[in-house]
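Presented below are the structures under discussion, each in the form of structure tokens.
Here chain A shows up in two complexes: once beside chain B, once beside chain C.
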Partner chain A sequence: MEISFQDITYTYSIGTPFEHRALQAIQVQFNQGDYVAVIGKTGSGKSTLVQLLAGLLLPTSGVLQVWDTRIHSRSKKLGEYRKKVGVVFQYPEHQLFEETVAKDIGFGPKNLGCDVAEIEHRVSEAMSWVGLSPDLRDRSPFELSGGQMRRVAIAGVLAMRPDILILDEPTAGLDFRGQRDLLSILKRFHQHFGCTVVHVTHNMNEAAELAEQIVLMSDGKVIATGRPVDIFRNLPNLQVSGLDVPDVTKWIMSLNQKLSTPISTEIYELSTLVDELIHRGRRGS
Partner chain B sequence: MNSVMIGQYIPIDSWLHRLDPRSKCIFVFCMLILIFFANNVETYTLLLLVGLMGVALSRISVLLFLRSMKLIIWMILFTTLFHLIFTQSGSIVLQTPILTIYEEGVRQAAIISVRFILLMIFASLLMFTTSPIDLTDGLESLLSPLRRWRFPAHEFAMMMSIALRFIPTLWAETDKIIKAQKARGADFESGNVYRRVKAYIPVLIPLMISSFRRAEDLATAMEARGYAGGVGRTKLRVLSIRRADILLLVCFAIVATALFWMRK
Partner chain C sequence: MKHIKSLIELSGVWFDYHPDRQMKEQWALQDINLTIQSGEYVVVMGPNGSGKSTFARLLNGLLIPTEGEVRVGDFSTSNGLGRFHIRRKVGMVFQNPDNQIVATTVRDDVAFGLENLGIPREEMIPRIERALEVVGLVGFENREPAHLSGGQKQRLAIAGVLAMNPEIIVFDESTSMLDPQGREEVRELMKELHQQGQTVIHITHSAQEAFLAERVIVIAHHRLQLDYPSRDLYNQSNLLEQWGLEVPLPIRVRALLKNQGVELNEPIGNSDEMVAQIWRYLSKT
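Up next is the complex of A and B:
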């Protein structure tokens, strides 16, 4: 357990009439190299949780232990720590600022202290990861389409090769095709670099398909955590937090009502489900 | 951002909150003028007492007022220092090899500091207890006589209300962009002044772009809903002067009379 939240509380605008407790007694651990999905309905504290992990907010009380760094209410000099963590915020295209795509993607590596050749290399690599064609390098990021801008912004974070990659609703506002593309990029990136990924999402399908661990939040608390199967089996928990099971599971459950030997509800990927159905078809059951 | 901003409306309920914005504006405006007529210890004490009474009546924590003082503390320190060093009349208070401080310098420094503090107390009272909508409605109504001389009172008030409305939004946006760039390793905290200012470019550019985008969206949305300036526009909430407002203006009259009687 290399990343652990130990009894963490976070309160916004403390000591003013706008005081708001966003997180309460958070106890949760992530394994290094896991793909973690954080789910919960709007206002449940997901973004606050990941900003703590990114070292952008300091806990009001409690300790966040990440490898050998301890983050608490009076932590200072988190600059070095932040270099190991990459964050893709919601609508990351709103933070582009450079004259050219390549310069914008290179901003992170430059801040890390990479030399020119290394920056060059990382920019090309990141662009190919997100599927941006190399001729866009010298274009202004503001001349691109919304989807392309999103890719530039994400490439800017991937180019830092973070040990922990945090994504706050990265697919928001993309069309279905764009969402699928992005998810597959994330999956491949995760497998290739073996970094820990923390992915915040409203979308159960995304969480079920990609995650090895799911953290279910409601009202500033973590109400369940575990493998997708454990989370989606526990319907009351989901309903309390105003969420639903993934579409695939819904479909399998309705199909199972007509089958003598039910299909496992532990299947979350469409391709696995198709394999399973073909397999059954061959067996003739 | 983890603090209340200067001049942010604090939505609680108090006698001051319920007053008509017009009478509050007039009261504060006249108070600000009155400050410049005070010229001895008694008159300044009187004004400070009135200010403190206002703070008590607003039922807003004193801490918030102190926090808004933080903003002008540099101005106060600077002018104090300026007077201590450069005003050279009256008897000598303190003599050191590098610096001589005169009585008049200390007096001027004290006066300026108290004036700044009073200005800030009254301005904060108005901003803390009046919602932006009330404030602009009040201003529009107060400025409307000027329409006779072609002053665009409605447009002016609308511009102000939009600006006020977007301060928190811009603030939140700034916060978000700073976080995003920090996460990309931007360093806002070290280096000399030049480097620090340069470090803010990655924040300012996205902020400007998003402001323009917002302005355009807002203009489109207003036009789509048929906004066509102030002509023929009616209001859902009509401002009305009540007994409390008259009481406030009577209070002002008493304070003003007392002040002119007490001043030298």
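Up next is the complex of A and C:
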């Protein structure tokens, strides 16, 4: 367990009428290199949790231990730590600012102190990761389509080669194809570099498809954590948290109402479901 | 033959933001012809950048066709008097609930639009009460909108529109920023409004939401590509893939089965019918 939240509480605007406890007694661990999905409805504390992990907020109480770094309410000088963490915020295309695509993507590596050749290399590599054609390098990011702008913003974070990659609702507002493309980019990037990914979402299909570990949050608390099957098995827990099972699980459940031998609800890939149906069809169900 | 007059009529509509600078084949919307009757529940699907939000904005005269005409009832959006009347008939609910809230209490927020219309106070009060009742926010009158959940904020935005007694409500991706529970609340409300006879037009990328409507229109590459009753479209919804749109999960399962030599050919109009067909397939072998 290399990343561990130890009894963390976070309260916004302490001592003002707007005081609000966003996180309460959070105890959770992530394994290095895992793909972690954080799910929960609006206001459940997901974004606050990842902002702590990014070193952007300090816990009000408790300790966040990430490898050899201990982050607590009086932590200072997190600059070195933050260099290891890349954050893709919600609607990251709103944060593009440079004159050209290449400069925007190169901004992070430049701040990390990379030399010109290294910046060049990382920019080209990141563009190819997110599927941006090299001839867009010298274009203004503001002339691109919304989907391309999102890719530029994400490439800028990938180019920093973070040890921890945090994504807050990365597919929000994209159309279906845009969502599918981005998810496959994230999956390949994670497999290739083996970084720890923490992906905040309220899309259960994404969580089921990508995550090795899911953290379910509600009302500023971690309600449950485990593999996707452990989380999606517990329907009442999800419903109390204002969430639902993935579409494929819902559909298997409606099929199971008619079957004497139910199909496993631990299937999240359509191709696996289809194999199972064909297998049963041949065998005679 | 009795001629039924359409509530909304688009004839030969072309639109671009910069018609003088753009080639006509690149205009944002091209040659749109369609009619919508009073009481219909219509979904408009389209990929990012297809022109579907432009379409929504043409319906109430926020945008005016560069060529052609949009008529609502007896009025045209092409002249000032027409727009004056049409803006009272066509209410719009947008994507981001936070951008649509203006007042510091729920009651005042609903009152805002009515004040602008110059509705006398004695008429305002019952209208506000009724609108809050329809959206299920009775008891929230004095609450601060900032403290509502995403779904509640969006329902508040809908109440503000309803209080103005529109004939038509256009939802422009109004569920896309909400969590699963918020989405469900807004979907339910759309269904209820439709059952009460309201004309509902919903712009969305979600296949799940599209097939809740009676009629589905696809706008892609700036043109109207398809206009079907949703039951008829469901069975051939593989068509949606060519525009990068989401194909309903049961139809994807059927296509994967077919690839493996299992052909289920009975036409289906919804998910339950696909469940029944699979069950028959498994039972007969």
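A few points about this structure:
Rule of thumb we're sticking to: the second predicted complex is superposed on the first by the 277 of 285 C-alpha atoms of A that agree within 3 Å, B and C clash if a C-alpha of one lies under 4 Å from a C-alpha of the other, contacts with A are read in each partner's own complex, and residues count from 1 in each chain.
The rule is simple: a residue touches a chain if its C-beta (ideal position, glycine included) is under 8 Å from a C-beta of that chain, and two chains touch if they have at least 3 such contacts.
Just so it is clear, the structure is predicted and the values come from calculations on it, not from any experiment.
In the superposed model, A:51 makes contact with chain B only, not with chain C. By the touch criterion defined above, A:282 lies against chain C but remains apart from chain B after alignment on the C-alpha atoms of chain A.
When the two structures are aligned on the shared chain, A:138 is found in touch with neither chain B nor chain C.
Applying the stated contact rule after C-alpha superposition, one finds that A:7 touches neither chain B nor chain C. Using the contact criterion defined above for the overlaid structures, shared-chain residue A:174 touches chain C, although it does not reach chain B. Touched by chain B in one complex and by chain C in the other is not one residue of chain A. Chain C meets chain A in the complex at residues 46-49, 95, 149-150, 176-182, 205, 207-208, 244-246, 249-250, 252-253, 256-257, 260, 262, 271-272, 275-276, 278-279, 281-283, 285.
Of all residues in chain A, those touching chain B in their complex are 12-18, 51, 54, 56, 79, 82-83, 85-87, 89, 92, 94-97, 107-108, 111-112, 142, 156-157, 160.
Listed in rising order, the residues of chain A touching chain C in the complex are 41-43, 145-147, 172-178, 202, 204, 242-244, 247-248, 251, 254-255, 258-259, 270-271, 273-274, 277-278, 280-285. The part of chain B that touches chain A in the complex is made up of residues 2-4, 10-12, 60-61, 63-64, 176-177, 179-187, 189, 201-202, 205-206, 209-210.
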